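In what follows, structures are represented as structure tokens.
Shared between the two complexes below is chain A, which has chain B as its partner in the first and chain C in the second.
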Partner chain A sequence: MTFLPVILWSDVLIWLLFVAAIVFGALSLRNPLWRTAWQRVGRSRAGMASATVLLVFVGVGLLDSLHYRPRLENAAGPQTATAAPPPTATAAPPPTAYAVEVLSLLDVLLTPLRTRNEKTYSEPLATRAYAKESIESRDAAGELQQSRDYPRLRHGGAHLGADEARRDGDVGDRLLRAVSLAFLAWWAVAAATAAGVARAEACSAPAAWRRIWSNESDFAWNAVLAAVACLLLVALPLAMLAGQYHVFGTDKVGQDVFYQVLKSVRTALVIGLVTTLVTLPLAILLGILAGYFRGWVDDLIQYLYTTLSSIPGVLLIAAAVLMMQVLIDNHPQWFATAAERADLRLLALCFILGVTSWTGLCRLLRGETLKLRELEYIQAAQAFGVTDLRIIGRHIVPNLMHIVIIALVMDFSSLVLAEAVLSYVGIGVDPTMISFGTMINNARMELAREPAVWWSLSAAFVFMFTLVLAANLLADAVRDAFDPRMAGSA
Partner chain B sequence: MLAYLVRRLLYALPILIGVNLITFALFFVVNTPDDMARMQLGVKRVTPEAIDKWKAERGYDKPLFINDAASGSAVLTDTIFFSKSARMFAGDFGRAEDGRDIAREITSRMGPSLAIALPTFILGLLVTVSFALLLTFFRASYLDFWGVVLCVAMMSISGLFYIIGGQFLISKIWRLVPISGYGGGLDAWKFVILPVLIGVISGVGSSTRWYRTIFLEEISRDYVRTARAKGLSELVVLFRHVLRNAMIPILTGVVVVIPLLFMGSLLTESFFGIPGLGSYTIDAINAQDFAVVRAMVFIGSLLYIVGLILTDVSYTFVDPRIRFN
Partner chain C sequence: MSGAAGVSAELSAQLSEDILLEVRDLRISFASGRSLLAAVDGVDFRVAAGETLALLGESGCGKSATALGLLRLLPAAGRMPGGEVLFDGRDLLALPEAEMRGVRGGGMAMIFQEPATSLNPVLTVGHQIGEVLERHLGLAGQAARVRALELLAAVGIADAERRLGEYPFQLSGGMKQRVMIAVALAGNPRLLIADEPTTALDVTIQAQILELLRRLQRERAMGMLLITHDLGVVAQMATRVAVMYAGQIVEEAPREVFFSAARHPYTQKLFAALPDLARRGGRLETIPGQVPPLAEMPSGCRFASRCEHAWELCRQQEPQGRQVALGHRLRCHLDRLPDAPGGRLAAPAAAGEAALAPGAPLLEVQDLRVHFPIRRGILQRTVGHVRAVDGVSLELARGRTLALVGESGCGKTTVGKAILQLIAASGGSVRLLGQELGGVSGKARRPLRRRMQMIFQDPFASLNPRMAVGEIIGEGMSALRIDMHRQGRAAAIAAVLRQVGLEDAAAGRYPHEFSGGQRQRIAIARALAVQPDLVICDEPTSALDVSVQAQILNLLGTLQAELGLAYLFITHNFAVVDHLAHEVAVMYLGRIVERGSVDDVLRSPQHPYTRALLSAVPSARLDEQPEFIRLPGETPSPANPPAGCHFHPRCRHASAACRERYPETTTLSSTHTVRCHLHS
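Take a look at the complex of A and B:
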């Protein structure tokens, strides 16, 4: 084996969520009420455009959730796979050893970005470093000369050689090629979509094309295609340039910012999605129990969530995270690699966020259950002697699901935003884990430099803003479609 | 009224005890004081004697709940639970890692926190409510549409970026006010204006949208149609009827945070170097000062409960139908 698969807990959970979402989506399409609700979401142009963007983020996150440890070429060599010397023929075959570094599938795809590190800061697309350095060179007479200048980057624009002036032309050339490629790719996608729509609606392809763009189709294909166009126009130039340049520059230790931004996506997704795995069971179970059984159960559960919600969120999270840090630091033997420790810390953070944030949803569900249990059909079921468990499963839970769905999509963006703040406060993800929060935290002081180092922050800002905005817009579309109060106005 | 308040305060007591138990469990049961000592002292200097000394200095060397070695009432009082948690009800928070009295520190830091938080709160409320009223007045027009788009965009930006961007633009590029710091007296406005401005702007997105939803819900009610039918202008309808009837949902969200203003804002205070309670908390978190974090959790929940009671009281002012009995 040339690699050792590593299954991190968060990988399992995120793939599980992915499968669960697909299964749930397929099941809910069978229910006519749900199908109409999803169709309403499908007709929302803002919703579908943002769903397209989110899918790309999810794709990046999923690719980044398949981890492995590469085999070391030589067990006696250095501990990183990339720097291992080639095996010598005379040595006896050493036992297979694997690098301590845990890589993901995304890392493999981004190998050039991951490995081509500079010494320190460099501007986006730069060929020279940000700070001056003493450079030794030999002049014509062979004398050693020292001068202070901006040193040439090792990798940024290395293919240009000494001819750095050609950079602008080269970048322009690549951009032009990327844009024309994006154009071609978009036409291909658009044509395929039109053909698909034509087939589904049994009309000719030109007619389908007209239906798409005149907003007559049952699904907001025009929004999806527009989003695809934007994505292609951004992604292809980035991909075209990232091979030879640092598109978003490099950070303090010379790591490519573009790589960091892509890695941050997974952290944000894990925080935003896995947390709901904790929130939902707690909120649904306790909310329904309190609302359905009332009496002392209700009192107890109400007491529980009033107490929890009366502690200011950040402080409770801070207290819990501090204690978790003590626990992790005192038990280093639990973790084989640094990645596993960081991963467990991330999950613990999700758990803590979940435990502190289920109260709002629980209160909502309790109130709704109180209302539902007084309805005639539930009283009829009770009169027929249907067991409580069955009533809850058959009649109450399905009627609460729209609240759960709305809460789920609404929480996602606030959790992504919370991660950044918590990491800044020092109670977020592990400092070694790349996330939007740690990126901002590492770069926030650099604006004070002269000239300011703006690229790290800007890249984190743009990606985070896109992710959260898309999530917010999709959440609005879902809420409008599922909220019965909105049904009349739609 | 008085009887109601007393009853509410009595209800609050079990909640405070619950908070106290939760924090106690978090800080002393999940991890033993030994763990905390090891963490604080670092791996290198850890010896059993050092741990014992660390615990003795902070009074963590007692039993958790019941002290068998003591006699009389000291069986219960000479324990960690009593000396560290129960004493908080009497306003005794113990000492921080640097040896200072936490209670005194809190009283001296409330002022700067309030100096930032109070103007931010009042200005923010005014700005967002008027913006929401504006959007409601022009509902279903382009202004409304783009206003909502702006709100969604603004609420998608992390609070960190508002602060970093504001400091960069206003203090570094335009050099209008100092980047950070705090001063008493007449010069204070220079330091206060930027955090307040940024605080107001960062809250506009979500609050405006929330208030707009409330107003739109009210505006479809029957009494609004009646008011229009009797010939009132739209402005009068908005301010005299819709705004007043929307007060209940607005107050529910707003009054509760008023006592919490004392706690300040973690982010704003640490970015602007304001010596308030927010930066105190952040410093404590970074220094892993457990006593301070515990004290802040307790005060925070106390203030939240006060906020809940204030909310109920405020209802009687805006809605004469609500009475206490």
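Take a look at the complex of A and C:
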């Protein structure tokens, strides 16, 4: 086998969540009430455009969640070539050795970006470094000459050779090709969509085309197509240029910023999604118990969350993270690779964030349950002698689900932002793990330089902003569709 | 206005004198997606100074939309594609918004249905009145205060000085509505629009408010547009009546004509659907079907599909409004209508009377008490009790109906819930079929659970919106483990649905697909599914329109005759009591003050409270209204009831004995008992 699959805990959770989302989607489509709500989401143009963008982010995150360790090419090879013959003449082949570095499918796709490191900072699309260095070179006479200049980058624009002046032309050329390719690709997608709509609604393709753009279709295809157009117009030029240049420049150790940004997406998704796995059970269970049974159960749960939410959040998280860090540092034998250690730390962060942030939703659900339990259909069920557990399962939980879904989508963006803040403070993810927070943290000192290094921060900002904005817009659409008070007007 | 041409010279002279408001061909639509749904479709009417035009109709017929449209206060989706609203000769629809603000409050003012939500809870009464005074009269400071005191005095609020500084939560419901009226009057409006001003109030308070409105109108010569669904209120208040149906005025007539010679089939049906003594125990006339939805208005007469007199022309061509007599306009194709609606009185249910021989009591309640503790302080010490139910005894036999009557807050719903063991009783006993219910574990109670069920007031809150109708009905069967294998369950659900007059297919649909009346049928089906002997009906018709109420009352009557059900009917509506009940118990502050057969209590009430209540009920006939016995003050709080007889502070016959001790039960006849010192 040329590789050894590595299954990180967070990979398992991410894929489980993905499968669960698909199963939940399929199930909810079978219930007419949920189906109409999702159809309302489907009609929202902002919602569908942001869902398209989110899907791209999720795709990147999923690709980055399939990990493996490559086999080292013939570990014994160099030995035989350089030094003494094997000490003993055993015929047994050497045990296959795997690299300690854990790679993901995304890393493979981005191999050029990952491997072509420069020495240090370079500007986006630059061919030379950002700071002057002493360069030693031999002149015609063979004398060693020292000069101070911007050194040529090893990889950025290497294909240009000595002809660096050609860079602008080359970039323009690539952009032009990328944009025309984007248009072609978009037309293909759009035509396929129109054909699909035509088949589904049994009308001619031109009629379907008109329906899509005059906003008459039952699904906001026009918004999806517009979002696809934007994505293509951004992604294709980036792809065209990234092969030969550092599109977003390089950081202090010469790593490509574009690569870092793409790797950060997974971290953000894990934080945003896995944390809800911790908050939801706590919030739903405790909220409903408190609201339904009232009395001392309510007192106890209320006491618990009031206490928890009166401790400053960052302080609590910092204390927990530091304790966990000590634990991890004292037990290096638990982890085979650095990636496993970073992954566990990420999950621990999710857990800590989850345990400290369930109170808001719990309070909301308690209030709603208090209201629901007084409703007459609950009393009717009690009059039948239905058991409390069944009342909760059949009457209360389904009527709370809209709040849960809304909270889930809204919390996502705040958690992504929370990670950035915590990593910035230094209590977030493992320093070796690339995330928006660590990128911003690393970039903050460089803003003070003259001239400032701005690209690292800007790239992280733009990507995180897009992700959070898309999540927020989708949250709005979902809330409008699921909130029963809004549903009446739609 | 085509009909105006035919108005006789005398009438037009009288009308043109001081016409305040003239509405011509008003159209109001609501945008829904890409289409406009017409909610009000060509409405014409006039209101003169000093007269009251009652706009009568069932829910969803466009009454409130009309009122909001006059003030240009429609919600965002509302559009006014046509029509003219002439107020004092000015077309309101053409006014700029700034001038319109002067008309609202200054020219015409509006009173809303729910006094609890139409006052701002964080502003004092004085502030809310002052706001209007400042905007419309430019009064501020001391002058505004003096004027506000005058207004509060005018709406009959005692101790106005103190009330000015109080917040709405410190006022009772009737008081809030008085304040709301004071706010409306503050701008000296010439026209008052009252949108169901008393629907949310108790009858005694309703009578006070109606009396107040009449007095104010007389004193100020205001015009009034009264929007209501209650024929009793119309009979007391209106000068002229306009009946709306599906966005159109189908009949308009002076009050006397309206109550004696209404000609539109819809109007006649509305009268026929009212429960009253003449049709006691019989079946009420109902209007089949329901108001067509806005999106599917028929092209012909809008009432044709529900009208038993409809003929070809009705379905083809929309009738136009025309003058049929002086001031009487009609929108109907039937030129010759039967002058008295035939078949009004179905054969009284003789079978019901036969089964009335009271047997062994099904339900016996002895001295039932429900006290809610009042807790205060950090340690939640109990500092007192709200005596919601304080010693209620009743019994009910199979096939009988006992009506429990009283105003809101008297504890009648709590009695129902305590009998069902939804609320734990603090004392007393409840025995069903001779078995004690209180103090028994949930498991032991289960076999008795299926013997009694409840039907709730609000059919919109009593059905879980996330469950299909079949699941809702099946829930009780499965919870009570009623033996039926799977096939039998579906068949049983279908059978019970047919019993309440719904199709079998309803089982697969969700509650939101049904109208209010249909939902109440589903709620009844849910209760019937476990084959109970006793059904506690908690105001099952108070959230429904008159015609639908008649359907539900008929259904309840039929079910009682067929299945021998006993009903404990909790209500505040005396017409319904009269129609359905065999016995009546009147509650006041947690105790039953008078009990007896319907004839005993309603024809010869002995307790002063019962008399006052009965006198306050507005009758839907012109001749029958008895003199209103005015009850001073409001119902006291059950946390702190007055010493002695609870009713003595409001009773005009109160004596020294009344202040000292609560009266014992006095038996007046074999069926009639009363708790009052006047009779002991």
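Everything that follows uses one rule, which is that the second predicted complex is superposed on the first by the 467 of 490 C-alpha atoms of A that agree within 3 Å, B and C clash if a C-alpha of one lies under 4 Å from a C-alpha of the other, contacts with A are read in each partner's own complex, and residues count from 1 in each chain.
We take it that a residue touches a chain if its C-beta (ideal position, glycine included) is under 8 Å from a C-beta of that chain, and two chains touch if they have at least 3 such contacts.
Given the structure is predicted, the values throughout are model-derived calculations rather than measurements.
Asks: Now for A:Leu375: first (chain B), second (chain C), both, or neither, which partner does it touch?
Replies: After superposing on A, A:Leu375 lies in contact with chain C but is clear of chain B.
Asks: Answer with first, second, both or neither: which of chain B and chain C does A:Leu322 touch in the superposed model?
Replies: After superposition on chain A, A:Leu322 lies in contact with chain B alone.
Asks: Could you say whether A:Phe461 touches chain B, chain C, both of them, or neither, answering first, second, both or neither?
Replies: In the superposed model, A:Phe461 contacts chain B only, not chain C.
Asks: Examine A:Gln333 and indicate which partner it touches, taking first as chain B and second as chain C; both and neither are also allowed.
Replies: neither
Asks: Of chain B and chain C, which one contacts the greater number of residues in chain A?
Replies: Of chain B and chain C, B contacts more residues of chain A.
Asks: Taking the superposition as given, does A:Gln146 touch the first partner, chain B, the second, chain C, both, or neither?
Replies: neither
Asks: One more residue to check, A:Ser134. First (chain B), second (chain C), both or neither?
Replies: So A:Ser134 meets neither chain B nor chain C here.
Asks: Contact-wise, after the overlay, does A:Leu417 reach chain B, chain C, both or neither (first, second, both, neither)?
Replies: Once the two structures are laid over each other on A, A:Leu417 reaches chain B alone.
Asks: Is A:Ile440 touching the first partner chain B, the second partner chain C, both, or neither of them?
Replies: In the superposition, A:Ile440 touches chain B alone.
Asks: Can you list the chain C residues touching chain A in their complex?
Replies: Interface residues on the chain C side: 77, 417, 420, 422, 442, 445-446, 449, 452-454, 456-458, 461-467, 472, 475-476, 479-480, 510, 523, 526-527, 530.
Asks: Help me check something: in the complex, which residues belonging to chain A touch chain C?
Replies: Counting only chain A, the residues touching chain C are 32-33, 375-377, 379-387, 390, 394-395, 398-399, 484, 489.
Asks: Contact residues on chain B for chain A in the complex?
Replies: Chain B reaches chain A through residues 14-15, 18-19, 22-23, 26-27, 30-31, 35-36, 38-39, 152-153, 155-161, 164, 167-168, 172, 179, 260, 263, 266-267, 270, 281-282, 285-286, 288, 290, 293-294, 296-297, 300-301, 304-305, 308.
Asks: Please give the residue numbers of chain A that touch chain B in the complex, ascending.
Replies: Listed in rising order, the residues are 303-304, 306-308, 310-312, 314-316, 318-320, 322-323, 325-327, 329-330, 413, 417, 420-421, 424-427, 436, 440, 444, 447-448, 452, 457, 461, 464-465, 468-469, 472-473, 476.
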